[in-house]
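Two complexes are shown next, each including subunit A; its partner changes from subunit B in the first to subunit C in the second.
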Partner chain A sequence: MPEPTVANPSCSPPRTPAWLAWFIGRLGYGLLTAWVISLVVFIATQALPSDPARVILGPDAPLESILTLQRQLGLDRPILEQYLRWLGSALSGELGVSLDSNAPVADILFGRFGYTLALLAGVIALVVPVALLLGVSLALRRDSRVDRWSLSLLIFLKATPGFLLAIGLVLLFSMPHMDLLPAVSILDPDKSLLRQLQFLVLPVLALSLSALPYLTRMVRASMIEALESDYVVAARLRGIPEWRIVWRHTLPNALIPAIQGVALTLRTLIGGALLAEVIFSYPGIGTSLNSAIQMRDLPMIQAIVLLITLGVVLINLLADLLTVLLTPKLRTARRVTMIRRNRRGIQPWWRRSPSKAP
Partner chain B sequence: MTDVSSARWQRWLAEPQTRKGALITLLLVALALFGPWLAPHAPTDMLGQVYGAPSAAAPLGYDFLGHDVLSRLLSGGLSVLWMSVAAAAIALLVGSALGLLAGFSRRRLDQLITWLADVSLAFPDLILVLLIVSMLGRAPWLIVLTVAIAFTPGVIRLARGSAVAVAGQEFVEAAQMMGYSRRRILLREILPNILTPLLVHFGNMLTWGVGMLSGLSFLGYGVAPPTADWGLMINENQAGLLVQPWAVLAPAVLIGVFAYGTNILAEGIGRSSSRIGDKQP
Partner chain C sequence: MSEAFSRRIFLGNSLAVGGGLLLGSSLLSGCDGGAAPVDGAALLSSTPIQGGRLRIGIIDGDQSGNLDAHKPVGGGIIRGWALYSKFWEWNRDVSTRLALAEFAEPNADASAWTIRIKPGLEFHHGKSIGADDMLFSIFRLTDPKLASPFAGLVGAIDRTALRKLDERTIEIRFKQGQSFFPLDETLISFGGIVPTDYDPVTNPVGAGPYKLKSFIPGQRSLYSRFENYYKPGQPYADELEIIEFKDQVSRAAALRAGQIDVASGVQAEHSALLKADTRLRLYVSPSTSFTGFNLNLAKAPFQDERVRQAFRLLADRQELVDRGLNGFGRIANDLYSPHDPTYNHAIAQRPHDLDQARSLLRQAGQDGLRVELTTTPGPGVNAALVFAQQAKKAGVEIKVTQVDGSVFNGPQRENWQLSPGATPARGFLASALHNDAPQAISNRSNFHDPRFTAIYQQALAQPDLELRKQLVHEAQGIQHQRGGLLIWGFNDVLDAASTRVGGLQPEQTTFASWRFDELWLNHA
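Entry: the complex of A and B
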């Protein structure tokens, strides 16, 4: 985004904005994190178990097949060489061959990844508007009876483990006379997902219920904070109608912390999605991970965990970028240090409040 | 010191939410601790029909192998309880030690610890635990340890953030000027002042721990059958959901109530202690 032109002749001509330099630094940080993650995944799956081949084949496997598998996975080479080969092939998109089905992991995961993305997109598309409306309206009715009751309900939802909510929905919808929606999401792989959206409803609903409390309470809190600030008082004194103050003056400011909130919600959702997918038999990467673990399909486990964690790194990166671009003070900052010093919006959640994720 | 802590207790208990949460949590803890004695039968005795309906002999019916659901329910709380408490306690101790260390060491170490916490936060908790448990086995201590590892980065960041905020206040400067050692300042001046947020976080960790551990058992990676465990019971009896819903419903309700109790407790303590009150998300 271009810097605003300043009517000062001594000012240097437009140069690259400071946020670009900040972003490059942030990108480097993200890449470094991604590299360490690859190291952790590799160590946990291949270096830490004394013999991965034995883990895969079980304790009673004959020595011959263990040796074959070791050769097949390259486990007989030095550990550093193993890591470099694994990293190299992962970087070129070659995720190995699934031990369970003998198909390339990338092919199996491609479609399933799309299903999980559709699930997460559905949840975000439902939760963000609802949390926004609910948070704002609760902030405007602060301390009223509605507010107190809604907060207790939200705390109840927040405390209930997500998989229990999912099981509750299954229980409700698998009852006789309740065949409005399918309680199990066995998709037909030949049909497009858009034609079988009814299978998405319950998983999306279950995940949304567990994701809603955190975001709603966050929007409510930052709305209350924004409504108490001086510029709102000034706007009221100037006779600006209340709806305009709420939607045009306060909400944009209150929303910036919510970007980080959405990023955090996505991170916790990924764990929850795994359970929800298993409960509803939804064919996403969560069910794949679950069955890969049960089948001890090492390349599959490595690929899925790597994919998920890199996804989280990417989400965090995008959230930080969005925050900087949407905060005028950060966007037009002239020096990188100003972004670092002023990044109240991208100040992580743990420094702002003592309570963590939902 | 005792005056301060008793005043703190009174302030916490003045909040109705804290009392409610403490009551629920204590009831569930008592149920989990003394349940095995109260159980009418051994949790692994096969007494009735598979998915037998509730009767006078078995108020909650029988499960997928004909075990008495009530007996399994009473015996199955202990594992969730001790494992979540142990995991949260380890995370609290290690995390606050590392967080304090990060907040009060030179920049390099601080950045290193913060960054490592960042890296491990890229692993969704459940995925990290699943990865380690599936690779290294499902011994209870290993599960506790991995859940603790998953929880530690959050504690590190919380402890570091609140310690840095406290360190700027006058009484810490005064202690520094009086020449107190760094350790004394950390343990006697700063730690008591960040105890409340840490305690609230501990309550939250218990809630997540209960959810995560029962979720792990539900997926089949937790306590090994035939041991009774609430999460495992849900998993085992899922097939008979329509025939004998109590075998699934009863453990699910208890897990939910336990998680709710610890959460309400944490909320109450947090609310009574923070000046901004219900503003915090």
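Entry: the complex of A and C
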């Protein structure tokens, strides 16, 4: 009888899981992507006609004024030098000063990005539970009348342009004598966001209505697929209660496409929920980017694009990590190559060969 | 543009085609129609009410702008009306009156101006205003290092000859001893008086009706009442808030929902919607801002005077006003500043005469002429397309090309063959500085005429109204005969406000809703 303190020689000491190494590799790639994109954006802004000095000073500016401002902004320096200077200060956390308003870029973006994140959080908090519930219950009532009508309604929502939905909401909730909610979300910067949640309701609702159909249908389709698999049949034969089969056995397996779906929704929204920002005058970063491009405001463009790139990289990374952790085969893999190889097997449903989903 | 249009259509039609709830809400607001006018009349008394927070919604395009008194960008011009005071201010008929100054007169040949300010004035931070601050402000505006785009308007000022006469008085002279009569009209807009310790970012103080509390570029700025404003008892509101919008539709919704009190500069397309709302009032200011086209004399075929005349004859001005400005405007006679006492009303209105236009083009050997009209996206496109249709009737093919604002105003700006032009309401001499004067800050029509130049310089040196009138009459005769501007209309400026807002009234200028010291709010 071996002593309890002696380790079993056949069992190696607990190693860091292979997915951690894979994760760090992916993180490195993500940062590389961010750098390449910053370079591409810089070159692209150089290719835009006209220059910031001219745009800022407007149509009446005499040539001397423009040349002076160009010198002051360092726009007369070689392009490479301008880029390196920007990169250097960006790496040290200094994002520069907006050419348009002369205010520090970091100050402007701090507030606006916070508002964008709040909007994202609201949309996710609303859409994910609703899509899961709806998707699962529709999958369970597959091909029934409720299912068919709900699907048509979802397709109708999807087909309606977002701004139409948003204006419809405004007309419903905030026109004279129906003013339950504010028509535009002009947030008071002196108050904390939590105290003015009423401004978030309509934008979140409008964005959620546009994102909901896609996610619901994805959950529904993958649930239907999972409910037909062998292990579900086996579980049913063993007499496991239906609720347990649905929520404990099937749903976790059906979640993987949904995670990728949520990531896709987030990726579109993080670049600025322009729809909400224009119709509700919500102060997010989408309109800032748009304005910065129109104004040729290079420090703003660079900072916003960098922020969005990092956001997208992070979202992708988290989604992939969740996928790996939710898939037992990948979670317990010993080598990074196994994750790489097998990840091809967990393609989202829309890329898979003949699907049973409608 | 097309998206905005479809949204507008939707706003207009949704009440008719919407579902039950939408219909319900429209019925409700319909029911209200009978009762509200009484409320409106009762709410609005003629005596200004003190206090409250006045919220102004502005649309600033893509610029977030700054607070600079002398180099305002975007909404900075509107914010400047709250923060800064000047020697003069505008009357409602686009003439000027003294503001901070108690005396401001040119000498006999307008080669020097003497300006004295009222005693006991002070800035927002308590410092009293003296001659040093006056000089500093003019130095700063004309500083080449500041690169203000508006310095060109007062480019005649000789920085080396500015003099302080006493603690409240300065003297301004002009380069090479030249004369410059329209100093008031050119210094008034961007010549805000600021203290010597002024900084547009860290210390944006002036002597305007409101002092700054906070400024978030691209979003909003908040101001509180300046107790020692030079007009006793004004301004009326305790606080002023200027909120920036990106979209006309959402601003109209905010106004209707009571989230803002004034919408400054609304689109003509929204006028019916805003008029129908009994809790709002629409103010139509018949401004003398012109809209027209620049015919570039440096480019073929516009070197030929007959072609320029033909273009001006083939324009159906009434149709341009009706379709390009949605009827909110009046036709023009290729001349600017009709409100100016020196304007030549004897020149007959140019008719719409296709036959003569065709025959002039034939004489010039320009049958089947093709030209390119370059414009920025936005409201100007409508007028450009209407004009292109009209030109077709005279056998001229106009290709309308849209370029973005920074390209339009870029290095090419004086090279467009045909381009839209517009200038806010100013007197004749100042408007010319924006357009076709010899020292114009941007002369898109490249109009250079020796006789015009000579008369214009004489007019600059002529403070006497009657004598100047004769000169301007001749100058306008030249512009009407062979100038490079096709001025087809003067556009109205529309502002909308809640019926709770007082002190707003239509005027000939473009900035009725920016007179923040006059506006008040019935906040009870």
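To be clear about the criterion, the second predicted complex is superposed on the first by the 304 of 358 C-alpha atoms of A that agree within 3 Å, B and C clash if a C-alpha of one lies under 4 Å from a C-alpha of the other, contacts with A are read in each partner's own complex, and residues count from 1 in each chain.
The rule is simple: contacts are C-beta pairs under 8 Å (C-beta built on N, C-alpha and C of every residue); 3 or more make two chains touch, one makes a residue touch a chain.
Note that the structure is a prediction, hence the values are computed from the model and not measured.
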Q. Does subunit B (first) or subunit C (second) touch A:Val278, or do both, or does neither?
A. both
Q: Report for A:Pro62: first if it touches subunit B alone, second if subunit C alone, otherwise both or neither.
A: second
(Q) For A:Ser174 in the superposed arrangement: first (subunit B), second (subunit C), both or neither? (A) both
Q. Given the touch rule stated above, what does A:Gln72 touch, subunit B (first), subunit C (second), both, or neither?
A. second
Q: Considering only touches as defined above, state whether A:Trp149 meets subunit B (first), subunit C (second), both or neither.
A: neither
Q: Could you tell me if A:Leu289 is touching subunit B, subunit C, both of them or neither one (first, second, both, neither)?
A: first
Q: Name the contact category of A:Val40: first (subunit B only), second (subunit C only), both, or neither.
A: first
Q) First (subunit B), second (subunit C), both or neither: which does A:Tyr231 touch? A) neither
(Q) Output check: A:Val312 vs subunit B and subunit C. Expected answer is one of first, second, both, neither. What do you get? (A) first
Q) What is the shared patch of subunit A, the residues that subunit B and subunit C both contact? A) 48-49, 55, 163-164, 167-168, 170-171, 174-176, 278, 290, 294, 296
Q. Which part of subunit B faces subunit A closely enough to touch in the complex?
A. 115, 118-127, 130-132, 134-136, 154, 157-158, 161-162, 165, 196-197, 200-201, 204, 207-208, 210-212, 214-215, 218-221, 234, 238, 241-242, 245, 248-249, 252, 255-256, 259-260, 262-264, 266-267, 270, 274, 278-281
Q: Show which residues of subunit C lie in contact with subunit A when the two form their complex.
A: 3, 7, 10-11, 14-15, 18, 21-22, 25, 28-29, 32, 61-66, 71, 73-74, 144-145, 147-152, 155, 200-201, 214, 216-220, 222, 243, 245-247, 249-251, 253-254, 256-260, 277, 279, 404-411, 413, 434, 441-442
Q) Residues of subunit A touching subunit C in their complex? A) 48-51, 53-62, 64-66, 68-69, 72, 98, 100-103, 108, 111, 163-164, 167-168, 170-172, 174-179, 182-184, 186, 189-190, 277-281, 283, 287-288, 290-291, 294-296
(Q) For a test of understanding, state which residues of subunit A touch subunit B in their complex under the given definition. (A) 33, 36-37, 40-41, 44-45, 48-49, 55, 143, 151, 155-156, 158-164, 167-168, 170-171, 174-176, 214, 217-218, 220-222, 224-225, 261, 267-268, 270-272, 274-275, 278, 289-290, 293-294, 296, 301, 305, 308-309, 312-313, 316, 348, 350-351, 353-357
